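Handing you this structure, nothing more for now.
Order of writing sets the labels: A, B, C, D and E. Residues in every chain begin at 1.
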């Protein structure tokens, strides 16, 4: 186990700035997930930690020792690749044992350690197969085994589950979590799947365009996204964004006349354009009675997912999706939706930063009516 | 638009029986989704409908006309492939227009129709690009356009969304649904993603090992799975299965002594082994007070997905996952879970068929205690 | 001046093209070398075989590479180059009187064959002259008398036409064109028409009147149908397969023609045809041996080898086994040497007759001599096979090639 | 347009039978001529009237043909091995690293393909002589120990090899040479086989360089051996064909035995 | 699991500078064998050749090189046959393309629809010419094509046609050589095409079938365009090496004749340059060939990048 310190690390490929001044501390034994859209520099960052890619500027330290110029194998990292990158011509046992063979460990010792790892991962009966004779999940496990065999201080994962089907993905996700619990090896896990990110991370790092957008515990990132990007990126279906404008008293006005959250006051100049955002699951159905706190919802399409319904429609001309638990009946149209003000996020259109409203004085609330 | 009738169709590759006597009726204008695990014969069935694969036995009729020996293009089907199979050397316009060109339609007409399709799909500004210059979603749309251009009676989709990332997937799913709404073209859609299947299907067909396990409306299949396979396959996290044995009075006994649903009586011989199953979302937290209707839950691992929590643990030695809405606090261990008897499914271990319990007489209920 | 005698064992290299192909030429050459080594126990000969069109490059390459080249068998076209550029030793300087003594008994033109500017650089070794091979069966089929083969070009024309018309086979073909030939057949024909040569000093003269007329004559044969129009690279095959009536080519192939004819057709032999009453000028093909050694002892060894190779004994082997002409005509009627063999091979007499009129092959000088020769031969071929005026073609080529000759 | 698949298949068979016949007929002709006695050499019958082994007897008699074949096998095998090894190493350098000068090296290797052999022939001869390689098999191999063709093909094959697998080996601590030998090469069998076959064929058929370098018939290779039956003074057809048959036979036999593997290795090699 | 193994296997960091230089050096170590061979045996001679091409010299130590400027080049370019040779070179290339690209493409596409052993058998047989030594091929073909005793003409005669002077007739000889050259190549190209064809993703063809394309249309619109990288590669090779490939046969069979009809640049260079004893001529010829074909290669490569469709 080891800690990782990433200090102002950048990476350029020719003219492309793939990673742009990242600072990140990974504590000993932590499980850090790096989440971000395709091309945001996740893999590049991971590969710089691994030593597979030169660092253009900045430095990376493992256990406070700068490793910028150290060979990959000397950094005490092991890596699990997206497509597993198993050696196609070697058996499972040889795949797992290769690192040991390279480091000159005697055959007997090697076999023993491979057998131990294989039994941990339930691969014992597959040891003589070639990767091509394995299923996706089995390959994934072999890749894990290969990473584990040298008892590295750091595990690096580059989207290791993205080639698996849904069920296997859940299963392997749990397995990785279980293994981390047991081994407590510092892990950095790259993914663009937010469920994976949420469920695996001790610390979630959201990247975009080579930079870190937000880092924190998964629930913190999920519940308090610091930018529109993070807000939009986490959650499925994604958050709904309603364009709004600040009026003279600091309230957000939607579609010209709707002021659904009169109690929230933004400390922004009049006319500033912001977006109000809420998660599909935060909306509750409300009668369409013109109460200002409810937003009229024009239903267009319903999806039944078995466990819940997704309702797609429009609010003040903007496409909005809401989810309802499977038990509830879909209300007869037309209806409105209401969102608690705690569940409401706001972002500036310009720059996309989160803006926190202050609560209006009680009198104001009285004037406009009580919150749901 | 056309109807499809599949009668006792089988397909063997050498000795592999890929499709094993399938009967299926697809109504005019319906959207049928074929769902199943990898290798179950979905693609093979679809390709037989398309005419890309010979039919070993049985017959396929389109609009009551047997098409077994008809060339693919003569069957009035259009197909969207998993990797889109866009012709890499043609522009978007040429890709879409190729079918028209082949059928000898004059250039002017062709261009016009291509332009129309392109505008429907929002591809107008991309018409001169090559597929390699398109993003995943754009490629998907071009593939759709290519399928639409001949106004076929039937659309066939072979996992058309599986190469897209999560957000794009949702978006394209909605687009396909919208298009189907507009065009009402009979569609057969193959996938192994159950969310896609649930949300798109008018009729959901679950396949396994070359056979149809169950066909029906999505909610019917989801809520009343006819076999353990279907039950396990639909839903994420998947259903939980608790091994149980029938006791002398037809009740299911779990772990030797738990009888959580005393009011359900199975018409099965004593000692029959069954599995009781429930969805993770159907469980509610109950105090661990020894009431027979609640199952003691040994929590092992919690996953916070933001919108909900997944709790993984053990019930009577069997791994079980339950989901709790994000709002609820995770109870302090130890606790129990309770599942309403309506949410409970039962399957025979032997063969995996669904078994329906009869409700016990009121006296019996009295004797054992009330249901939750 | 070379050493007087060889007292220590010495090894000399001998570049030879007869060694480069299987068969009698190689066997006879190896026999000669063995006999020489037997007679000169202190001299060891290291034979190096290279095909005849490669042997000069090999010699040059080895010189560039710093290897010792002692004796080399080179074709006559390379004579001047060998003397002027490669540094062949003038034998008069090296061997002094011994040369003249050794030359006694040579055919009159013998030493002259290897002379450049009055000095002997190459000692004529194996050589032959053009003779006319005759397919007697075709003659008979065409109603001609094979015992009266054509003696003049006029007669060749008549006979050739007769064969072509009556038998549907080909009449006459000279091995004067194409990739496998030197220019000696061509030069023979040209010089037979009044003695004009292809060059005069460093001035090219192959387009002069007599010379051009000779070529025009061939063209006339061609136009009349007497001259075959065949693949010039396969003329020997055509004759061997019995499809050609008259074939003018080196006597060195006599052996091969004989064995090919066996069981297929009857082979005849005649001297090369003449222009009317003008005497023919049979030109030598084949090679001379050159000495390149610098070291006096090696020079002596080389000289001994060269002497041996051109001795009575050697020519007996060379003529009877390989079929080349004997440079020493005396041995022909000598019981100890060739008399017996000639009685068994009377055909060979046609070849011997030409020895008296032997005319040296004309080589070109200067660094670009090969290019000049190429141009000349291409022009001649085009003059015969092409459709343009032969004289014009030759003239144009001569003008093109002249600048490549050394300045006078 | 309306031809059924069966008619088309039939037509394909017809065309292919014709082309195959055209492809092998000259080889057949060579072989059958080698069985003709001299008097029959120019007959156009499809099979000799009186087949004889005389030509073979003579070839073996006048030339150490088996020694020569052995030399050729040795030379071709060594050349192939050298070209494949240098090719693998160079290709690996170009695939594994991006480094200043890499593109230059790549172009230098590719361009060398265009240098006519005749330009470098004499300097090479001089050098070979200085190095004592004259008249040796080694002399035939050394100057041909690297071939642009081999490097380029192997480069392309390696580029198609998943980068992650190579990186996995790096993570496992394998050095670059070890990675090449233990990870990359075992997975490049098909392209290596294809390249080897082509290198072997071209080495086997090499003519100009041995012609210059080899002096003694015992040290010779088959292509030069063939020259032995050709001269200004006519060709010995029967012997030549017998020798040519003997010269082609080993490689032809190897090919016939391995034909399927050869074809397959090409199909899998990704030489495209 | 113990972590001591890792801890102990982590070495003390070695000083920074030497490691960097060593690493920068590493690829060169791998390139060294190939580059050394090529530099020693190709490029050094080539540079020497470049210098020599401005001299008149026969390389013998006893004679002095004489500087002649561009004379050697001019002499070569002014050769009487140069124009013909250039035209012929183009003809060879044009003539070879159908054999090195066209026929193999057709054969590969035809055999693709055959299955089982027949396909491999055909592909195998058609490869045989590739392994026949060029000199043997030349001899046997000369024989088969001879007007008097050749089988081809005998067959022509027996079917009542006129004989053809395959190597004798100036109008035909070049095409005969083209055929012999191409005959050796068909099998190789066929294998390459077959390999490329089998690598085409079948879903393109299925998509075209769904679009209603006939098999001919699929060939024309889908398979051939997708084979364009191979087509272009083989065309490039033909353009660059066609002259060299045919050289052996010109040299062995016609010597550029009849009437210069079969000479090409490469042969002409050989005839007047390499074969002669003058280092100036031969090196100038070599430089000319190298430079001209080098330029052609660059142009072709640029063209290829533009035209080829890569499916990735």
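The rule is simple: contacts are C-beta pairs under 8 Å (C-beta built on N, C-alpha and C of every residue); 3 or more make two chains touch, one makes a residue touch a chain.
Just so it is clear, the structure is predicted and the values come from calculations on it, not from any experiment.
Participant: Minimal path length between chain C and chain E through chains that touch?
Facilitator: Tracing touching chains, the least step count from chain C to chain E comes to 1.
Participant: Report which interface contains more C-beta contacts, comparing D-E against B-E.
Facilitator: Between D-E and B-E, the larger count of C-beta pairs in contact belongs to D-E.
Participant: For chain A and chain B, what's the span in angstrom between their mean Cα positions?
Facilitator: Taking the mean C-alpha position of each chain, the two centres sit 26 Å apart.
Participant: For chain B and chain D, what's the span in angstrom between their mean Cα positions?
Facilitator: Centres of chain B and chain D (C-alpha means) sit 57 Å apart.
Participant: Hey, how far is the Cα centre of chain C from the one of chain D, in Å?
Facilitator: So the centre of chain C lies 38 Å away from the centre of chain D.
Participant: For chain E, jot down the residues that touch at least 2 other chains.
Facilitator: Where chain E meets two or more other chains at a single residue, that happens at 59, 143, 149, 214.
Participant: Multi-chain contacts in chain C: which residues touch at least two other chains?
Facilitator: Answer for chain C, listing residues that touch two or more other chains: 57, 64, 66, 237, 241.
Participant: If a residue has to touch 2 or more other chains to count, which residues of chain D qualify?
Facilitator: 42, 122, 227, 235
Participant: Under the touch definition given earlier, write down the residues of chain C that touch chain E in their complex.
Facilitator: Within the complex, chain C touches chain E at residues 56-57, 60, 63-64, 66, 81, 85-87, 169-170, 177-179, 229-234, 237-238, 241, 243, 367-368, 370-371, 374-375, 378, 381-382, 385-386, 396-397, 400, 404.
Participant: With touch defined as at the start, can you tell me which chain E residues reach chain B in the complex?
Facilitator: Against chain B, chain E makes touches at 201, 203-204, 206-214, 217, 221-222, 225-226, 228, 309-312.
Participant: Once bound in the complex, which stretches of chain D touch chain C?
Facilitator: Touching chain C: residues 38-39, 41-42, 62-63, 122, 125-126, 129-130, 134, 211-212, 215, 217, 227-236, 239 of chain D.
Participant: Show me the residue ranges of chain E that touch chain C in the complex, using the header's touch definition.
Facilitator: Contacts found on chain E: 56, 58-63, 75, 80-81, 142-143, 146-149, 165-168, 251, 253-260, 271-272, 275-278, 281.
Participant: Contact residues on chain C for chain D in the complex?
Facilitator: These residues of chain C touch chain D: 17, 20-23, 25-26, 48-49, 51-54, 57-58, 61-62, 64-67, 180-181, 236-237, 240-242, 250, 252-253, 256, 259-260, 262-264.
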